[in-house]
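Next come two complexes built around subunit A: one with subunit B, the other with subunit C.
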Partner chain A sequence: MKKLLLYLSLALTLVASPIEKERSIYQTILRAIFPEKAVINVWLDNPKKYEIFEKIHGVHVVKNHKDADILILYHSFDVPAKDKIIFADGYLVFEHFKNRIVGGFYWQKGRPNLVFVKKNLKDHNITLPPSLRDYIEDDM
Partner chain B sequence: MRPINGIYFLLFTSIILSIVYLHYGVTQTHTKLTDNFEKVFVEQAGQFATNIENELSSLLDSNKTLYTVLKENPSIREDLERGMSFLVTPSFKYVYLLYRDSRGKYRYLLDGSREDKGIFNQKLDVDKQKWNRCYETGKDQILMQKDLDGLWVTYLKPVVNQERVEGVIAIDFSTSLPTTIAEATKPIENIFLYIFAAIGILILILLYQTILNIRTKKESILDPLTGTYNRNYLKHFLKSINPARYQIMMIDIDHFKKINDNFGHKAGDMILQQVAQTIKEEVRKEDRVIRFGGEEFLVFLHKKTLECSAAQEISFRLKERIERRTFMYEDTPIHITVSIGITSNPEHFKDVPEAIKHADEMLYIAKREGRNKIIFDVHKKSVQNSAQKSISEVKEAIENDRITCYYQPIVDLESAKTVKYEALVRMIDTDGKIIAPYLFLDTIAYTSVYSELTKRIIEIVFKQIKRHRIPISINLNLSDILDNMIFAIITDEIQRNIDLADRLIIELLENEHNSDIENLRNRLIELKSYGVKISIDDFGSGFSNFSIFQDLPIDTLKIDGSLIKDIETSKIAYTITESIVLFARKLDIECVAEFVHNEAVRRIVKDLGVTLGQGYHLGKPEPEIEQKTLMRMASEISA
Partner chain C sequence: MRFIAIISLLIVNIVYGSENMEELLRAYKSESELSKITKSESAGFLDIFTREDLEQMQAKTLMDVLKLFTIPSITRSSDNTSQFVKPTFPVMPPFAIRLYVNDHDMTSTSFGSALMLWSDMPVEYIDHIEIYKSASSVEFGNEPGSVIIKLYTKRPEREEGKKIRALIDQRGSIEADAYIAHTTMDGLSYLFYANTQDINNKSYTNKGHDIDSDLSSQSFYANIAKGGWRFEAGSYRKVKDIFLGNGLAYTPNGGDIETRHNYLQLERKYDSGLVLRAAYDHLDYYEYENDESGIPAGAAGTVQNYDFNLHDNIASLIAEKSISHNGGRLLLGTFYKYKEFEAEGTFDSYRSKYDNALHLLSLYAEERFSFSPTLTLIASLKGDYYRYEKQIESTKEHIVRVGLIKNIGAFQIKGFFTKTYYAIPFLYLYGPDNIPYKVNPKLQNPEPILSSFGIRYKKGKHTLDSRVSLITVKNKVGYKKDGTLFNIPKGWYHQYEVKYEYLINPLSRLKADIYMGENASGLVMSPKYGAHIQLYNTIGKFDIYNQIGYRSNYDYYGVDIGPTYDYTASLKYHATKDFSVGIRGENIFGTGYKQSYKGLSYAMPIFDRKFWINMEYLF
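Now for the complex of A and B:
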């Protein structure tokens, strides 16, 4: 079922607008990381991207990183809360935090790319659903 | 109108076909242009990829894989990437080399791209299914990237070492040319879209209008209550039919007024609907059922051949079915019957309306004969004398006050004085010509026009009685007295002129055998109660017999003209007349001799004891009553 949802969300990326594509991908990612949570609190370092997350069902964008379940970094190379789960939107940020980041999403050559880091997932006791396991990298 | 419609249709179709052809042409041009550009780019990409492949081939040997060579030699990677970057242009946006790892993921070996550059062994999410095809077939692949932003086509070329694909060279084109072509043709495409939308809407509107027209047309020719055709339809139908191919059936629900009176109009409507439904069920598809009047239905029964006749079978079946059926209205059973008049050969009439009137006449007879009957036109001559007036002509004459009476004096044979007059009906033609009754009475017999004429004559006669204060007789058939409608008209007129009724004489003609003698007697007694005198006309001929005096209250007896005419020469005529006179004297009944055409006859009948006479010798029928006679009569009456 989850696989079907993933395919559906990826299929959506092919026909939807870039914002809708991103929204759909992030919905899949956040639900995979927090399968049990009814409302996921998200903190972003880029207020311009609020509109993507505010419209995701079950996601609440918080202003204070302390209230967040996950920090999504677009350009920061400094993490305000060390104990929080972080996720990168952009290859450079992903590269920078590759030793502690759970994953990253970025566009390369016009193609959406998704990566999860196996070791860091394990550190945060996150088990991804089978549909996303294909995107897990063993060694960065 | 039809040829014009055809031209419009042809014009409309031509315009639509031209637009479709034009649209096809534009689409084809667009496709060809795009295909040509694609071909140019693909050929160039193919050559670039071949050059890269050649360069890579020089590095490969049987001992090491491409991955191993490039992993172990970063400087070679750098050189190659620099070389690949020379191929990068705004159109050839990305030039790179990927390999497929053991988990089936695609990763960079080289990337000559100037932006979005991947690093060695970095994963790139691609459309695996299509890329795998390149790996599996070992052949170049061209991928149309309709779903990726900024990309148009990806050219894939496998790098083969030792018959194994070890990597895939990828070149992504990103050109605005297809977009430019698409944008250039977009306004034209849009115009076509609007034209097709407009045509679509136009066709929908036309369809809607057509449906509305059909519905309106249908509604205008259908009776809303019964669902049968109405008179509007009849008007059109009559224009198009060959009367020889139809039989006409006029159906009327008996005593329908009583249903309305007893159960209300809703019940009447229900009966009309169900009778109409029954008629529709009994007739065939090719027949036409028309609601002709209130409770009258006109049915045109189609004749498959000129000789065939369905009227008899259908009418009997219909009559039986309605008679046997119980109609239920609010749990109340209602039984009805129908009377039917039929014109079997409408082609024998002047026109179809005349044939319909004839069916109506037959229906009238069916009603007169007790209802619940079917009357075919066998009783009536269907071909009319050309001088004979039609029903509509007589009706028109009544409406336009062209009915008049001529008055023939009835004279006292002793004193030679006029004692009363006989009113003889005449019709005045539209050109003023006087028409004799034999030219129109037969035509209107048994129709409502006959009743109207009777009413008109009584009105005229009462006017004359009122004006001249003299007794005047009118002629009626015994059957007229038995006819409810006519009898009602007579009594109405008498009651309206009750003070003049004692000067009205009704001369009755026994033209057919009457079985309902009791009813006849009662009605004559009723007439006499108003002071009206009853006279028996043409006695001694036809159906007349002496027993009538036993049953009916007769005041005067008019001896038939055929006896008087021959009285000079025929001993039999003389003897019969003598017997009639003797008989009348015994019963104290006044005798009038008709057809007194000369002095000798006058003398003979006078000698026989006949008191009154009538004939050309005594006075011809005249349009006006003679003033001199009137003055004399007035003075006698006053004396």
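Now for the complex of A and C:
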């Protein structure tokens, strides 16, 4: 019970600065994509984002993309592993890979945007929880 | 163990998933406001208009923000130029207020500061506005001023897309603008913005003569960046009717003031903390006026036809190095400016043409040292060397500033002691034939000593800010009857300000302020007291904004002006995330601020009563 409280208190302290808000957003996204995985292996191409993902409970940042469940790309336009799930952390990456990317979280039009691509979610057999279905777009 | 982890994560998922991604995104946007990155608490007392503030206010131009200034507050001169007053004072020197767009100082050789030219600039390409008071400029590495207005443009990496906007008002005014922002795959980012305005204002008559204040302008801005390089270009042209003009009886037969300012700036920022900047500015000022009652033109006496042109050329080079060390940061900087000025005019049968140039070299250093996480000391020193090419004696000036910032629980205490000066621009110093101004080459720069103290209390949803400034000025500048400026050995001035902000909920907030000031003479030549209340709300797809401003009564040039109230409100409907329609009413009840002028037996409104409709689309 103590551990449960500890996990909960850790999780609930994720709310404050922009980094913590971004962490909360990614935590929600990753949990939605991998609802049953206890540990999600993430590969990042932007070292500046390590501090965000390393502190998400249940997420492990891997150094080798081959070990990853999901690739979170900010500025890579060549995907190192063709069979992996890709999520965009920048608008350009999202645009570049929109035919195969499951979604993206990026700044555009002066605001942060969260978008999931219906066709690509389906290709990876991902069903999002109802709370995120408003962010699914049919046609990109 | 694993079960517990999964259960807790599921709970977190439920909490955050439904904590509602919309709320998380809104909170992330709010926490990521650029002002939180750019603001500098050590540079003075700080007021911020965030992007959200500007959008909900439906602020079109810088003037919509200047209207909310406390000390100083905005007014307009008889020739329709924007001026500032401190409570109880008439008009303060325009060169004491500096305007920056990003890191570019909008300077002028003729006027000192180019704020007067840019006061009506559009703010659609501006992300947020920071106003520093009791400042010294050392931190921003440029010419001296005690009020620094910093406009930060929107960043291409956040904008990615295009926006178009169109506005109309009840008098047939129109405004339209557009911008495009993009970042390429190889890291080149750009923002291009263009605006055009054609503004009609209410016309008055004085002794059968039309008193107009219409305005038209065109502006352009470009920002191109890659790696540590950034190139900026700005252009603003404005034509304003002369309003009452400068005639003795304010009976103009037409006239206007046309101003143009074009600038280029190239900046290189290195990871080592070194910043290099090179800039070029060109300004033109044309004033034409006809008034049979006579317009003062210096040694030419009074004339009926007044046609005056000014041309400024300014080249500047800036180098700054920021050195982080144990417990603090040292800023070292230097700049060189070449400021050239040319004046020519025809005043009835008199012709006048003259020019001069200034070499300005500046060296500065600022140490920001934290004795502990709650105690920071700021110490600044700046030396400026003025060398004029003609007639005016070269001078050396310096600025010394010491500040302390202490955080104790919910309180933040700030104290600044600043010994500074304001550089008098050419227009008042040089003019070989004293036409159209009688100049005083012996005029000394005013040297204010500012002692400022403030306490901020911030707890939960409440922020209370109180500030006191005591100012003594050596070589204060006054006007003689013939228009010549002269030095008054000493004067003093006190100003007080209290600001309050209450976050009602994530979608609603209240801001309020009250201010007052008093001067050594005891005369009240402008409102002694003032206050504002602003209320921001978002309800569903609607943004609702209300603003009330108050200025107390005063008696100036024999005209008794009672208390004035300006009520402004706006409503915006977001039909979709990308399309919105808004309406903004300014000075809705027509009871807004007024100004009296020497020789005019009644006061004139400073701002018109306006109802704007706007539409904007992002794509």
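Everything below uses one rule, namely that the second predicted complex is superposed on the first by the 123 of 140 C-alpha atoms of A that agree within 3 Å, B and C clash if a C-alpha of one lies under 4 Å from a C-alpha of the other, contacts with A are read in each partner's own complex, and residues count from 1 in each chain.
By definition in this document, a contact is a pair of C-beta atoms (placed from the backbone, for glycine too) under 8 Å apart; a residue touches a chain by one contact, two chains touch by 3 or more.
Quick caveat: nothing in here was measured; it's all calculated off a predicted structure.
Engineer: As a test of reading the superposition: which chain, subunit B or subunit C, is in touch with more residues of subunit A?
Structural biologist: C
Engineer: Could you tell me if A:122 is touching subunit B, subunit C, both of them or neither one (first, second, both, neither)?
Structural biologist: A:122: touches no partner chain.
Engineer: Which partner chains sit in contact with A:32 here, subunit B, subunit C, both or neither? Use first/second/both/neither.
Structural biologist: In the superposition, A:32 contacts subunit C only.
Engineer: Could you say whether A:137 touches subunit B, subunit C, both of them, or neither, answering first, second, both or neither?
Structural biologist: first
Engineer: Touch test for A:55: subunit B only (first), subunit C only (second), both, or neither?
Structural biologist: Once the two structures are laid over each other on A, A:55 reaches no partner at all.
Engineer: Which partner chains sit in contact with A:109 here, subunit B, subunit C, both or neither? Use first/second/both/neither.
Structural biologist: In the superposition, A:109 contacts both subunit B and subunit C.
Engineer: Could you say whether A:18 touches subunit B, subunit C, both of them, or neither, answering first, second, both or neither?
Structural biologist: In the superposition, A:18 contacts both subunit B and subunit C.
Engineer: For subunit A, what residues appear in both contact lists, the one with subunit B and the one with subunit C?
Structural biologist: The answer is residues 14-15, 18, 107-112, 114, 134-135 of subunit A.
Engineer: For the complex, which residues does subunit C have touching subunit A?
Structural biologist: Within the complex, subunit C touches subunit A at residues 1-2, 4-9, 11-13, 15-22, 24-25, 27-29, 31-32, 36, 51, 154, 157-161, 163, 183-185, 577-578, 618.
Engineer: Over in the complex, which subunit A residues touch subunit B? Could you list them?
Structural biologist: The touching residues are 14-15, 18, 107-115, 134-135, 137.
Engineer: Could you list, by residue number, the parts of subunit B that touch subunit A in their complex?
Structural biologist: Residue positions touching the partner: 93-94, 96, 103, 105, 113, 116, 118, 123-126, 145, 147-151, 172, 174.
Engineer: Taking the complex as given, what residues does subunit A use to touch subunit C?
Structural biologist: 3-4, 7-8, 11-12, 14-18, 21-22, 24-25, 27-28, 31-32, 35, 38, 57-58, 77, 91-92, 96, 106-112, 114, 129, 131-132, 134-135
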